[in-house]
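Chain naming follows the written order as A, B, C and D, and within any one chain the residues start at number 1.
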Amino acid sequence: MSEVLMEARNLVKDFPAGRHRAVHAVSDVSLELQEGKTLGLVGESGCGKSTLGRMLMHLIPPDSGEILIRGTPVTWLSDADFMKYRRMLQMVFQDPYASLNPRMSVRSLIAEPLETYRLHESRQETTRHVLELMSTVGLPEEFLHRYPHQFSGGQRQRIAIARALAPDPDLIICDEPVSALDVSVQNQILNLLKSLQQSRGLAFLFISHDLSVVRFISDRTAVMYLGKICETGPTEDVFREPLHPYTRFLTASVPMPDPHRRQERPKMAAGEMPSPISPPAGCRFHPRCPYAMPECSRTEPKLRRCGERQVACHLEK
Amino acid sequence: MKEALIQKEVLILDGLCAGFPARRGEVRVLDHVSLSVPKGKITGLVGESGCGKSMTARAVMNLIRHPGRVTGGRILLEGRDLLSMRKKERRMLQGREMAMIFQDPMSSLNPVMKVGKQVDEAVLVHEHVTHAEAKRRTLEMLEAAGVPDPERRYHSYPHQLSGGLRQRIMIAMAMVCRPKLLIADEPTTALDVTVEAQILDLMKEMSAKGTAVLLISHNLGAIARVCDDVSVMYAGKIVEQADICTLFDRPRHPYTRGLLSAVSSLRDGSEVLSVIPGHVPNLARLPAGCSFSPRCSCRGKECMEKTPEMREISPGHRIRCLWEEPGKKPGEKELETEGLAAE
Amino acid sequence: MLRKKEKQIVSDFEHRKADPAGPSEISEAYDLGEAETFGKLMLRMFRENKLSAVSLLVILLMILCTILAPVLTPYGETDMDLLNRLQPPSGDHWLGTDEGGRDVLTRLLYGSRVSLMVGIVPTLLSMVLGALLGVMAGYFGQWTDTVIMRLADIVLAFPSMLLAMVIMYTLGGGLFNVFLTLTLMNWGSVARIARSETLRLKKSEFVEAARSIGVSKWKIIFRHILPNCLPTLIVLFTLNVPAAILTESSLSFLGLGIQPPGASWGLMVNTGRQFLYNAPWLSFVPSAAIMVAVLSFNFLGDGLRDVLDPRLRKQ
Amino acid sequence: MKRILQALLVLLLVSLMLFGLLRIVPGNPVAVLMGEHANQATIDRLTAELGLDQPIHVQFFRYLSGAVRGDFGTSYSLGKPVSGLMGTAFVNTLLLSLAAALFAWITGGLCGLLAAIRKNSIPDRLFMGFSLLGISMPVFMAAMILQYVFAYWLHWVPISGTADWRSFILPAVALGWNSAGSIARLVRSALLDTLEEDYIDTARAKGLGKSGVLFRHALRNTMLPTVTMMALQLSALLSGAVITETVFSINGIGRLAVQAITARDIPLLQGTVLFSTAIVIFGNLVADFLYTVLDPRTRKEA
């Protein structure tokens, strides 16, 4: 068992939505990130997975709950006090077309974190480090003075990764890093991320809606639905034998690239995820759940441990 | 007319070319695209972004935006050539005999109009019926498209609906005149997996009722789930065409093989994913010879000189590749991680 | 107006940015690979929009005339010649003389100093003020936003001419006060646009990325937000200059701006108006000068907007 | 409701600022008014009578409570109540502005529409040239040219005054031209943008013809930015009215304001400016309301 790098306890975040209403983006979520391991976070759009990532990144403050880095609570630190932890965690965003400032060259983009943490004395050293990072992510040196719009999506995401690697962090939060890319390019980036993790002992929080991507890259997987985690566990276990009905539904929905297996999918829950403004009482999945019992609409199931896994369902006791 | 009735193929594209003027000459977005969409079946068109698959759909529906235009070939709807028709005649076919649904169901619905009215409109344009009759048809169609509580949803505005519901409205709008051909351009890309599955089922249902469907997608999973025949597109050209099982079991074109192994390596638990090196070429600067040759792992010298033609290798299975022997297995699993190596 | 292709590229490009999952075939086919430096951008603008090139030329010519006024004409700005009052245009006086026998062309050239300065200086000042306040309001939000934007609301609620009249009344006439008035009048709309741009940029992923690295607030404002507002601001500048020229001329026309014996185009129209029926050139010549200046800036602004910031068209 | 309160707040702040601005003017306004030869005792008496010896906040509240009841004080120069003077002037300004607005909206809207439909054609160029001329020409120039040509030269309409409806034609055109230009340009670009939206493709895919697409789908969406613009033009119209009324000798609010400045008549100036600003604020409110009607997205969920 490896060390816990980062821990979130009972995080809650509501966004105001007009008078007396709120979007309950994240409600009571706890999770652990281990050193050198990847946690995959899957869920449909609007389930609160990006909000969770941003809270861990100290970009938005939680309404309540606690975030700990190596056992130290950092939730309520001011931006200035948080600076010493910033170096440890970096982020890669979803949209490579929007996450790079169009008016900065590759050099200044990758150098920005180096300069912010004052890692080098001289400009030459910084540039040398930038070039080193570029070769790590597979960008040729001659791109140093080019601008983001001259690159394809995959190349831009490489720049973003180089930037995240710059301060030599312990954790990188990847928010849908490949969902804007075509399959062939997506695989290039995933291979890069995986090899970086192995060679540098990085930990990842890998947020994605794409189950197969999460399955490839994660050691453990957490499934989110309407602001809550409904199941976590080692990735292979979760995918091979999902415990929560939602996870089962989700894994069965993914279309297989195999025309011979098209009828395998069981017809289950219909409809869509309800609005997080007024989530259903009790278990949040019960209106769509084929196994819903009267109890499900009354009490909310707690996340219970069973072996290495955790599941929040009244069926699993 | 008689011929049209017995014809199985609802839509035939024959050597369709499209492009638009650029600084030097013309950029060809579609290069001799030929395919057919038979009645009661779903035909898939798959490819990566920028390969011309949306342009194909737009060409059929006469929706290519200025300054792009169709520059050659024929589009036959039940034997009638759309391109030689008068404008009005062609327009009257749209919505009645062929309809289209789009990728983003939010921006494809008029934000200031009730969704019910937008569906009504499709009826009223083509048939001389009363508003009450149109509404009745709309409600019926909404029901069939799986919209819960159609009476209430009829009066909703698009922003009040979820993505899945909006796409169902779009499908209802497309199907309300019972068209013979439905073109779906990435209908599930903007939706979540669970909703995607439902929408795909709905499309399957529609085709089972006799509609010919052309499904355009970049998602091989979605294609595999519902399609009967598939065409693979790369850089404006169709590179491989076969029925679904042949294409997934015995792909012949190196590009198709690359795509398939990229997708399947994600699931079979391999440590390193298979990739196609490099990226999609710029259509304005296509390489000489086969467009795929710079990324192809088994290219020969002639690949960079001679442009391959489409040829049939077994009944119904066509490829655009110079390699003759199937035993050669070009492009099998590539373990290259250096994405930029081929540039 | 003439640039469908360019618009197409830009709109496709925007589209692709907005919806990365959406394949945008047309933009792929275009060559977006070249870096566009400011010079190249200008070249593109001039190639696509000839009018804007001509306008820039006219503006430069006007500035040149302004500087060279003493060399270009044999008469002085206030040289009276009571024997030659209200002369129609002739060989000696190309544009005639006014009620004091002063050469109209000479006064026009000298007047252009005031009019162009009034166009440029207060616009620049109001841009700087408005941009800073707007960016601050947008970025910091909360009470900063409330205070700044309420102030802007007040300024914008007045019919601009009446506000200008009140301020000029309070301050008194004169060039400096015209500058001040126009600055106070115009910062509000600049602040509003800068604020909405900032709000848009603040939500963008690259600002979020900078925040995730821990870049400080002011660095984010000056390195990430302002440079990305710049195209909008440049366009706004070229569109606000003619507005300022018009306002000054209106003020001077009412006798509330530049005071005689100084010359400004508006003032010349004002004095010439008494002789509208026997010496119409006295009012029409400076009016035409105003129009040419304003038109040129408007054309230039249109051209710049199409190249730099197509989104502004909606505002 | 919230918008109305906000508008009232802005109006309050506007009056406060106006009041403050007009009190910074150096020197006692009464002394200025009475001329050089007035004796100190008379000045003091008059100052007290007008309440100008009170502390400034008392003066402000006194003024405000009067203004709410429709009493804007007494004009120094004309010796009549400001509200009465504004009443007659308002009718003229209203007639002028309405006529100008009508001209601007109709010609501007039509020009923009036709130009967008026939993009890059000769009519497009012509209409856009007409619009650009409008926004580039100073209002006084338009006024003077029209006056010179149609009144002085051709004698089609009276040169100035408000004798009958015909005398409003030239001022209205002169005043509205500028706004017409802005509106035409906006309508054109908004319509062209709307025509590139995805739902236009949907409509065309349904089989709607050009006019169907235009009238059923594009126009209403084009109206959205236009409505906001039209409200903004109200402010421009009132600004331009100052000039137009001066050129055509129409006794309106704007001319009254100019007269007030020349006569250093603070109550009159304050009244006219406050009144005009209130109209602008009210116009913006109406535009907000219209926007909500036109765009279901801004409506509250029931």
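Quick notes on this structure:
We adopt the following convention: a contact is a pair of C-beta atoms (placed from the backbone, for glycine too) under 8 Å apart; a residue touches a chain by one contact, two chains touch by 3 or more.
As the structure is a computational prediction, the values presented were derived from the model and not from experiment.
Graph distance from chain A to chain B, where chains that touch are one step apart, equals 1.
Taking the mean of each chain's C-alpha atoms as its centre, the chain lying closest to the overall protein C-alpha centroid is C. Spacing of chain A relative to chain D, judged by their CA centroids, is 54 angstrom.
In terms of their C-alpha centroids, the spacing between chain A and chain C amounts to 47 Å.
Multi-chain contact residues of chain D (touching two or more other chains): 196. In chain C, the residues that reach two or more other chains under the touch definition are 4, 21, 33.
For chain B, residues touching at least two other chains, in rising order: 48-49, 65, 104, 218, 280.
On chain C, the positions that touch chain A within their shared complex are 16-17, 20-21, 32-35, 204-206, 208-215, 223-224, 227-228.
Considering their complex, residues 196-199, 201-209, 212, 216-217, 220-221, 224, 294-297, 301 of chain D touch chain B.
Residues 48-49, 148, 162-165, 192-198, 200, 218-227, 244-245, 248, 258-260, 262-267, 271-277, 279-280, 337-340 of chain B are the ones that touch chain A when the two sit in their complex.
Remark: chain A residues 44-45, 138-140, 152, 154-155, 158, 182-188, 190-192, 194-195, 209, 211-213, 215-216, 249-250, 253-260, 262, 265, 269-273, 275 touch chain B in the complex. Taken together, the chain B residues at the contact with chain D in this complex read 58, 61-63, 65, 88, 91-96, 99-100, 102, 104, 107-113, 118, 121-122, 125-126, 157, 159-160, 170, 173-174.
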